[in-house]
């Protein structure tokens, strides 16, 4: 049985982590550490937890026990970086949901996050935890950088193609749309329902931090083509839809491409290949990533959809924890008899 | 272990019943019987079930096995009535989610549903299955009429007050709002998103069938005051919000009223009394009913909120099944370690 | 031609007033006075005004010209009260959109707004500007208290009945739902789209300020029955839906009731009596109030719908201005050839 | 003064055309011709028109008067084609809002619309009516093919760049999202609010008819690079957001690019160049197209936003009519004093 420390509880990722830990059959103990929320009962902060997590109090960030087996950090970037070294040094395992350890190079971190990296020795050591990759090695891992939400949706859509056909890829443009929960809970006038209802807006064009993360992972396996990435906000709470436009230098065959993807994800319980473009609602509330491929001569268009807070955050973190401890990766994430899925 | 037959699978209630049965630890076998959907795999009808209910086929309504322990009927009213007698006669238990057996009198059924009741002998025998009532007796029950969605939200809000203070109640007006999933999946122009987005509309004023059901249950315990009930559609998918306005013939004390409700629901795992009016999102995706009481001299205003498809349908049906078989009523409905709640 | 001063420009009412004045054929000059927004061009504050109000600058609240013919005050309550006396003393006309002058008694103002009224001599002098009332006298009016949004929707629904049948009314319960623009533009976490999407919540039960305003107007014409009023937030931006539940001491005839309403509103261009409950979208973007009556023996249920920012705010204010200056009341509010309506 | 015939009244475009004609100062007469809606009063079909278009009856499609000055056809493709020749032959002007005359070649029409073109001689004669192009010649025009909604948003974003820098463009990928009103009013289960609420889905990938239209116009001015176009549905009623990703063969300068666009649209009243990505709500309810350019070395990302029913349909059609008759292009489309804009 696993003892879990959840650090950071006031945001959407913290809330989802709490919910997953509360129902995970192999987690027999978990504590939540918060700052502004410390000393409150969970159901005071999240009224929907009443009758579910009764009597669970949020502890202070200043008194984090070092005796948990694993820690989830759901803090803003720049704050996680301060806690991770101590937790690692105490021999613990850490899954960081911030952007602090996703980039491999401190220079890139400085460039995109505008901060000097105070624990850069951990950047090479960490595992970039894209949990559905068949190739990742979880043995002896100490620190997992949980991928960003957009990178999760984008990379799962692109990696099999890039890995297998990198040499013929001319360019990749990813256009992604996210529900506003991705922008966090801090009050902002432009994200009020009265402002965002029925609205759509692109943001951070040519300068979204997740661009660096996606490009890094594509570049690692050889991609050197033209690349662009754009992000938009949707007038809904949850979900990411990503449309990847790839131009090839030569034609490709749809069957061949589908075969590559089926092979690549043959052992994944959470990547579902679809015959039609996925509907966002198929994945909202779940840890699935649904993917569709469309090919016309040398144009490949890949649509992918995830829940930004689950597959793009807390769910993938739990999946990573399962892999760290050698559990079935779907434990606590799919209930079929002992599994679960939200439906509308 | 329980074997379940789910009859009717093309609507929202059927879908939720399938989902709950699929994850219920005491259900070791369930079959789904459909009409238009027969012979399809479940994930062909509901793509969100892919990788969850794999290889589960929908069987034909014409070949319903009589060997299940219990049957959920998620059929339109007028159709359930034709199947129930045979299932009961074969010694099985039935939970009917339609309106066919909710009213006690065939005259009322004729008046409100415009049909002659072909199995009226079952009307008295059935249990009206408002699952959070402490008083209901599930022993030897054969047929449970699962309450309507609006009646569930309304009666849970009103019964403790009416039961304890009926003699001083002058009038009750219930004004309720529902997400459009309550209107079903059959295509209608007025329910298209392009039409309903940002819209609200009252409907069936003075003639909604659920009015008869609510009034029947209040009348049974002595209510004879003025009564009205209105229903509206919200531009959202799921959830019911009910505001009950009660005028008393004399003043009442807030503490006293709160005490009555805490006592009444002291053993309920699914009715949560709140200090503030509930938010609909606290209950959507769950089997909870959240209730708030506000008193000013002789005016009592009670707000209650449920998920219309879960507490007002499939969830309450599972809760009823749990009670029939002597299980903890929350089995398969709340997961805390072995329990679950959807979060946003 | 009219010269208009709009005081307060950062909120939704200010924005709508600017838009109406900008297109009003009898307004040849208007200036906008703001605080935090002063010295900006209008289209810098409201990008949607670009190419429409070009070159119009917001002036400082500290330099309000006293030479406009009429002033619209779109300030929070407590602030309007400080400016009105000076504007009136200078011989100008004022339409105040805040709650500062709606109540007739300073005691009620203290009770509901928790402020001492510093210009209480104006309370009796002012006209309560429910613009569709046939009886109001606009001659020589100096100060108009523009009604609240909920009172507009409620009173237009109730006044004909109360005026004609007050003696047989036993009780009135108004249950109303509003889009979140009614809660203003100040950032609040609970009103972020990520929180309010798909949500509904009642608020200020038994203590909403508009209750005092509605009751005052009903009481004035003799109503003394039981009364309650509740407000809820909808997960949409704009619109109010009000459902008024009236119990009578004796039966009433539907035709008679409809006749009373047609007579009452025979000269109104903005109250539309409907055979079915109105849809909110019929009125959003317009100055209309749509009303439906449903009668069953002694139960009368009246549904009414308005745009909270137009009929419940800026549109009604323009209508009041038209009446003050003897213009057709629909000038600038309906365009048929010279009139206009937003459609979806 | 102009006499207008509107043919086709049951859809969203027809409704918007009616609304615009009803308020257009130079339209002194208009008639609506419908099929299923014939013989009804307008406000019976569109209750929101009550008190606005009173006493206006829909006439039968079988008795279209040939004496109007201009006709708007708001019919499905394949139906418009049957009426246009007769109207043209009678010496009238026609603005067709369907796709029947947008493509220049009958072969393309067969390929994309799967129909033989029965009036192909008109294809070359027609004007492709992208109303904000400075170069179009409206003199002596008989038939205007009103552009599709996606092509309007896409072409306005791309034409200045392609026209000026075609030789250095390597590829263009357009990713666009539309509100569901674009899919029409015919009831479909997948477009019910209960299904689409909170949902997003891509559709017709590599086979949307508007792709042919966009490519044709780009190809005409010399574009020969890689090209892709995708469409998605948003869970909102109205609006199109298009993100165009262009890779250049060499770097470009942001100032230079902005200059090209300002020059190109210097005389347009409806194309607004923005410093930030536009918000969809800035344009919904208006005839504007808002455009933002973002450049990073050789990557250009252009975001554009329109109202799909106005700028992408009825509004652009009115603008075309204005140009045909030599009126100011904004007549009836912007009201500033005599102009108007919807605000929230």
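As written, the chains take the letters A, B, C and D, and residue 1 is the first residue of each chain.
The criterion applied here is as follows: contacts are C-beta pairs under 8 Å (C-beta built on N, C-alpha and C of every residue); 3 or more make two chains touch, one makes a residue touch a chain.
These figures come from a predicted structure and were not determined experimentally.
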Shared chain contacts [chain C and chain D, defined touch]: A, B
Copies chain B and chain C - rotation angle from C-alpha fit, nearest 5 degrees: 180
Copies chain A and chain B touch via same or different residues, half shared test: same
Rounded Å distance, chain B centre to chain C centre (Cα mean): 39
Where chain A and chain B are represented by their mean Cα positions, the distance between them in whole Å: 36
Approximate Å spacing (C-alpha centroids) for the pair chain B, chain D: 47
Residues of chain A engaged with two or more neighbouring chains: 12, 179, 181, 194-195, 197-198, 235-238, 279, 281, 344
Chain C residues touching chain A - in the complex, by the definition given at the top: 12, 179-181, 183, 185-189, 191-198, 235-237
Chain C residues touching chain D - in the complex, by the definition given at the top: 12, 15-16, 19, 22-25, 27-28, 46-53, 181, 197-198, 237-238, 269-270, 272, 274, 279, 281-283, 285-286, 288, 309, 334-344
Touching residues on chain D, where the partner in the complex is chain A: 170-171, 173, 175, 177, 179, 194-195, 198-203, 205-206, 226-228, 230, 232, 234-239, 241, 243, 245, 247, 277-281, 284, 292, 294-296, 298-299, 301, 303, 305, 344
